[in-house]
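Structures incoming, each one as structure tokens.
In what follows, chain A forms one complex with chain B and a second complex with chain C.
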Partner chain A sequence: MRNDSAKTTHPVLIFWIVAGWLGYCVLPWYGVEDGLFSFVWLLEGYPFDEDFAPAAFLIGQGEKLWLAPLLIPLALPLFALGRVKSDPRYAQLLILSGVLGFGWLIAQGFGIGIRGFSYEWLEALFGELGDRQYGMGYGAMIAAAAFLFLLTQGIAARGAVNGDVFVVSAIGGIIVIVTAFVFFPIAKMLFAAFVTEDGAYSISVFAAKFFDDRLWGLGCFFGARCGAAWNSLFLAVLVGLITTVLGLAFALVVTRSGFRFKRGMRALTVLPIITPPFVIGLALILLFGLSGSVTVFFADMFGVQPTRWLYGMPGILIAQTLAFTPIAFLVLIGVVEGVSPSMEEAAQTLRANRWQTFRTVSLPLMRPGLANAFLLGFIESMADFGNPLVLGGNFDVLSTEIFFAIVGAQYDQGRAAVLAMVLLFFTLSAFYAQRAWLGKKSYTTVSGKGDSGVHPLMPAGLAIPVLAIAIGWALFTAVVYGMIIYGSIVELWGVDNSLTLKHYVTAFSFRLEDEGIRWTGAAWDSFWTTITIAAIAAPLTAAVGLVTAYLLTRQNFAGKNSFEFGTMLSFAIPGTVIGVSYILAFNVPPIEITGTGIILVVSFIFRNMPVGVRAGIASMSQLDKSLDESSLTLGANSWQTFRNVILPLLRPAILAALVYSFVRAMTAISAVIFLVSAEYDMATSYIIGRVENNDYGLAIAYSTTLIFVMLVAVGMLQLLVGRVQIGRRTQLGTETSK
Partner chain B sequence: MKKLTVTFAGSLIAFAASATMAHADKLTLYCSAQEDWCQLMARSFEDATGIDVNMTRKSSGETFAQVRAESANPRGDVWWGGTGDPHLQAAEEGLTAEYISPMREQLHDWAISQAESAGNRTIGIYSGALGYGYNTELLEANGLPEPSCWKDLLKPEFKGHVQMANPNSSGTAYTTLASMVQIFGEDEGFEFMKGLHANINQYTKSGSAPIKAAGRGENTVGIVFMHDAVAQAVAGFPIKVVAPCEGTGYEIGSMSIIDGARNMDEAKQFYDWALSTDAQNLALQVNAFQVPSNKGAETSPSAPDMSTIKLIDYDFKKYGSSDERKRLLQKWDEEVSVLPQ
Partner chain C sequence: MSEKLLGSKAAPVRFEGVSKVYGKHVVAVDKIDLHVEAGKLVTLLGPSGCGKTTTLRMIAGLEMATTGRILIGDRDVTTLPATDRDVSMVFQSYALFPHMSVLENVMYGLKFSGFDKAEARARAIQGLELVGLKGYNDRLPSELSGGQQQRVAVARALALEPQVLLFDEPLSNLDAKLRRQVREDIRAIQQDLGLTVVYVTHDQEEALAVSDEIVVMRNASIAQIGSPRSLYDEPVDTFVADFIGEANLIPCQITSVEGDTATIEIEGHSHSLPSRGLAVGPAILAVRPSRLVISEDHGAPARVAKATYVGVRMEYTLEGGFGQVFAVQDDVDTPLEVGSDVRLAFAKNGPVLLPVE
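Entry: the complex of A and B
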């Protein structure tokens, strides 16, 4: 036996067995109210106090006896230690342990809640429990992870994915977290749509809420109002179309014209990503509202009565177009640049004129980009919450209706769930329509072969209008952002226009005292919370996204398509829906994290993960597979290959994902508004409070500060990425030359 | 080595001390008044008692939704501020706890009757009358007559100049609807709402938004609580406040202890403190112009003088109940909101 063990030590297996026992015997099993890292629990009766005790101590004291069966799956893998991997017993033991342990952990978590048994049939079966449990803590989490990875090691040992432990574990891990934090809350919310007031389930409740006139009414054709569903759909289609056209115009100007200020246009792209919500809407009111400067100017000049035309559909449309055009541009510029010049040159050699080339070669090759840009604009518009709130007037859209169904005087979670379902249906349909439209055609034009040449200029008939549109819109954007800065330094917006810095002082004042700096400004609390949460969420998002991307591009396994769908699903789910579903799902055990910072971090990870995945896929498909293969042939396993070969080459993608998720975490509002709490207030929800309170100066000053903070973050990224890319090229060269 | 152990032990003791301090008494406060008032209440209570306060500010509707969502596992201790209806509704659903404060005898009768109608699960902390405010500059620019009664707002020249919140989403607007029903009787009250509907330019989502829009010059008349209108005028916006001649309804800003609060003792301590004159005088520092419920508390000179306002005998019990509320809202939805404007 001892001789054998020299050959059959499995460091990974030992690690997870130890982790499982640690989670069970050492760490507090249930959630610690003050947070594990306050370490208060160490001094308050640990390990015997019921609140902080590890599972083993609980059982030892005769409490929470339903945790005792976990000892069996914890002990099982010990018998696998002496065996070799190829021994079928090895795999069987691990799989059995994993399934039993993980399954039992989940079953007891859902079965027993804070009021004893959670289901009546359990009570009928076993009688009153007379005990209860709160949400799981780190002990339970570590134990669950141990069971999961024991299971994946067992599956790998049976030969799945060439017996690759790392790949199987990564797949298992991602399936579990996506299920827990995307599918589970969404499912929970969908059920809420069928609950009657007294807690029973009924289809008729759903039907009554679904076939509501406020949702599907077509009154706008007869002078009254249309339902929120039609409004949202109509608006989203318009925004998608307009942003795509404008984005294309910008992309063409930057890549295919002799325009001089291309760099400035590129800089515009970062603006919407770093702009907190509401700010654009407020600036538009300042310009075009009933008493806005532009309105008043024209009213005086032409002697017409100023109107409230801005409030409603036109206002939202302008604000959303301003906000989302740069996103379309970002998508399209890659595609427009990616169309290989050799194709266009070929067309021209065949005597096509510039216009024909553009129409029959360049444009069709841009189809994936156009579809993507439209989809993004559509979804962003559907999910947008801030602009309709400020500029909506009587034009109801789904996202605000969801919010007010929950927080308004209606207090109707069921209605919110129904509205969320409609919203989700729209976005998912758009997602599928896009895929169907693109079909399985190939749009690849860049092959491994040398690809010199320059893009032809646009035909003149196209260049002039495109340039005019792009410049006009760019100027408009500049004016709006100028207005934002101006709004933050005037005394009382729209009334007293004397310049002042008092809003910045109120928000960000601090005093130097003996003990150090005292942050006295009103905004500091939420500011630091925001920075901290964003900084924690960013690396986790990047990690989850890149591992997923690696699995999707480099590995083949059963169910890969549904795996991809699952990981991309959260992209199509609007933030408001995520917020509502998280409240419903995570306020009660087994996962009880509302009111903590964890729920914010988790929501950011799964909101932004798809971007990390996309960035990872894009860069990984540029890396030739032969690199992995040579590493594998040289005896490295897939984890070593991932760590030592792929990750270093992915640095730009990693940085992009990091900064994107950092910045998004600072500007997100739609999900956040439901999830903030006393201790963890975020900048955006603080700003919303100030806007509600008519305290525009402070709100805009705070937003402006955030914009500059994020500009610095993005600027630092650009610097870093620029350097890394140079480094990468040399590295690539040396690596291939080896 | 010994020195190291000593430092280690020392730091451990310091750590223990700081840890116990960190674990000092604390209180989670849900606050539904304006942000700076909430901040001030929380900080002042900390100063007065040494209890750490965790405060979240959300509108009363949001807070009610949160308290209800958390009912299986309450996280908040005290819910302070916000219009009385959601507090009454929370009491009706048993989400808040019964408590009779020793401070009661210092309070106005309306505050105590609010408590009694809810089985002592809530209590009045301030009150404010409904009314409207208008932007004097816009009124002049549009050549409109100065309104002084509710019915003045029905005049055809006010078309497109009046704003109120949507009763479905705002407690303020629901109070307006219920007040009209009580002032004019149900049939005539709904006729009034229909007439008003023709002049409304937007039903806002939040209760005080109409007067804020008026302050910014985006709207002429906003139907709101008068203290909100006064706050705009004091902030420097050209707003004039009107107490309508037919009489008007009012709200009672309330406070409740959440049932099953994790820090029940601290919650009661806060409750008693919030009813004291000291605590209620804080309102003046943040331009909150409501009338405090403690008889001894000061009122602001800018506040609307409650003695000159014709207040109706608002039936909080009836119009705060969820059945009546649903009925009126549904009737408003079906008979008023669908009319062309």
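Entry: the complex of A and C
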């Protein structure tokens, strides 16, 4: 029975051949104005109207003739039908078809744009084109996918990865989308840094922008202002250090002290996941701003003039420390718990006292974890956009400078690109350092073998200061979050402190009418958009992440290391950089999606993909590989194995990845703020808009609502899968069966 | 028993110059030729890292041969992935799918082999009966004991009627008593159904007990192939002699060869035995501990260095000019004293001459 499959044509091949022809002959080739999900084109002149016509009809009418050569690669695989897979011709035909088709699609897509030929040398060679083309639509995308998967089937037939069509196709698919949506925009942005005002390329333009005093100035040592690059770097180092120390204090309290409210401290780890990043900044303004309660209290008591000390470096530092300490905590709690108790017990039996044990065994074993926590704090601070925007004052940092370069009066794409490059350089260096230095250096072992020891308590001399720091900081965090809720029900902060629900009414009022509910509140539009976009992005993110994780943990193929590096890279790319590069790359053909909901979905997928990958890797490495192998020897192919064995066993991880990417999509701001449009406004960018109009009440009420919505989402997840750890940077791994 | 559904499609396996190289330089299997007859149980035996598991996985299609040809039946399967080979495997860890019931586990492979649901179910149930697990259909693997899980794994592999059935150290997770029971069951099923089985183990006793033929492997290549008896009695070199059972390797001098018989000398004691093609000169005498004859007057002088009583027999370590040897004696009633001087001779059958390496 099993032997027959080699002789008949594989249904997957037929599927993609048919898809290719459908894309070419039936579906509109170019992007439809009204968006991908609108089907009005069916009624408006399809298939002959130039805007909606499939490629075949365009050529039939003598237009867009450069699409005609695609007929050759479309026809080639037809000759592979009926051939045996092991026939070398079969592989050659498919590879040729894939390479020709995909290559020609890319070449014509970049070569011909909305103004005819995109490059002067093309015009010099072929003369004026006199025609133009827009971004890819259904037809072009499906044809591209068909060529890609014909190519991967050809490669598989030649014996790559044991001739496994599913695995080769998955690798090909991931490479193409990561290239298109991570590397291509970044590359495009890098080029933009060299563009002069009249569109030529010039190093001197880049140099002028790069060596700008606003970027590298050291004025702050002489009483003036420092450059944004130095500010960002200084701030990030400071935030990294402080969050690491605080995180370690928390982790020690939770794992190595008899403190009674340890569980409550653990709950703090959920906060950064569900809090939009700038909300902390808003709460700080309520506390320490010019009319903040603490400021006013001290002003009344000591008769001093309230100052604006909060706006600038101190404010951002406090806000980021508050926001990112839980991340360091999450990383370090795993590390501190992971230090094998038997090591510490061994040290004690060797006559080291508790302090000596801690200093000579526990702490050195935690060192890689500490470095990791520092680098994460560093990257997060560099990439943070919301807090500097709300609290920055005159303290310029790279992420906000990029924003103002694009949306401000100066509108200078080149400058934004240069700034983004500097920011990217910093975060990538940190990312690289993290991987190069920490890659293989982990002393914590979770071997699955029972380690029955108990962690010793901290020595008293350490316990008291650590506990004091942790409790103090926990109380401060509680006050800040309390302020957020309180601030949302106050009439006008600092002026009229009477309680009111009016902000909630303004934002979320609705009326019951005959036709149903009418959402009259100001926030509903952005709220539903956010939920929709996040709900579309979440399953896609989880899918891409899990497939990538499957490839990384379960398959061996040439170039696996670079594949891994590429897929994890977007982790280190700050949201602002993604935002800038996306608008630079995707507002012109061949991929023209600026201003649509798709660009938001896509940006979320690639921003959050590393989380899905890590979640998948963490739980897949707990599944013994012999499970896959036994499924394979029992006759299932790798797709059937993935579907029937791996996926069911990963259910908790999938659920976690889903909720997590959903929540992250709802709280994201840095990339989103570049990509929103009037039609697709997101909750976070709406809130930032309110803040800029000094409408704090509404902004805080909206933020509070978001926090509670996400609390519910996370809580439901916890109920569904039991005790699943969902951490920003930790494994989302769960207990799977033995 | 109802109509017999499960049978055998046993096929021979042939390796022709097969090598497996990891990366550029790590040779896991080095140009081996191997022929497994249909319906036979062949064991791959060797110390860890000798390439036996890699060889097994190449039959399964989980590893691809770097060079050479692999045939199952008449078909060249060298480049076929596991999915497309008609082979199934019982894993060391059993690899039962923890989210499926026992019956679903056994039906899993049948589902992808084109059986309709009713027939797949009937076959799976019969497979479970065959391994003595009737009525366990709806249990989850986690609700079974280790031995039962092992039998589910066997049933799952059997139900597919594979051309070749592979076992990767199937007994290593069982306790000693269960081990004997299960290996006898496996052997019985193999012989009843006439299956071709390739079996990997590092336990020589297990190999001797179950096999029709044993392939001893060392350093990525085959050291010797033969029946259990011939490997034990006629090892080709010191490695095989020492690995299969225990052997004392005593350096000796061949003083003369007449026809097929050689005469050797050890510390003044001479002994005659088959020459096995060796010429006059230095050689190694391999003697099983039970084939040493200890007496007061006949043989090479030795001294008792250690004496251990282990219940069914006595174990001695003897020292002499030839080095140290390990001997066992059935006489437990009159044990030898440590430190006493004895003479050491060799039984007529058993000791074999090996070339010096």
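Definition applied: the second predicted complex is superposed on the first by the 694 of 738 C-alpha atoms of A that agree within 3 Å, B and C clash if a C-alpha of one lies under 4 Å from a C-alpha of the other, contacts with A are read in each partner's own complex, and residues count from 1 in each chain.
Quick note on the criterion: a contact is a pair of C-beta atoms (placed from the backbone, for glycine too) under 8 Å apart; a residue touches a chain by one contact, two chains touch by 3 or more.
Here the structure is a predicted model, which means the values were calculated and not measured.
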item: Partner chain(s) touched by A:V466 [first = chain B, second = chain C, both, neither]; value: neither
item: First, second, both or neither for A:G289, with chain B first and chain C second; value: first
item: Chain B versus chain C as contact partner of A:M609, first or second or both or neither; value: neither
item: Contacts of A:T400 with chain B and chain C, given as first, second, both or neither; value: first
item: Which of chain B and chain C A:D496 touches, first, second, both or neither; value: first
item: Partner chain in contact with A:I318 - chain B first, chain C second, else both or neither; value: neither
item: Superposed model, chain A: greater residue contact from chain B or chain C; value: B
item: Touched partner set for A:G595, first chain B, second chain C, both or neither; value: first
item: First (chain B), second (chain C), both or neither touched by A:A522; value: first
item: Chain A positions touched by chain B in one structure and by chain C in the second; value: none
item: Interfacial residue positions of chain B with respect to chain A in the complex; value: 16, 19-20, 22-23, 28-30, 34-35, 39, 54-59, 61-62, 64-65, 68-70, 72-73, 75, 85-86, 89, 138, 160, 166-171, 174, 201-203, 205-206, 208-209, 212, 215-219, 232, 235-238, 325, 329, 333, 338-341
item: Touching residues on chain A, where the partner in the complex is chain C; value: 1-3, 5-6, 86, 159, 162-164, 624, 626-627, 629-638, 640, 644-645, 648-649, 736-738
item: Chain B partner contacts - residues on chain A that touch it in the complex; value: 34, 38-40, 43-44, 113-115, 134, 213-214, 219, 222-224, 285, 289-291, 308, 311, 389, 392-394, 400, 404, 406-411, 413, 492-496, 522, 583-584, 587-588, 592, 594-595, 676-679, 681, 689-690, 692-695
item: Chain C - residues contacting chain A, complex; value: 60-62, 64, 75, 79-89, 91-93, 95, 97-99, 108-109, 112-114, 142, 153, 156-157, 160, 166
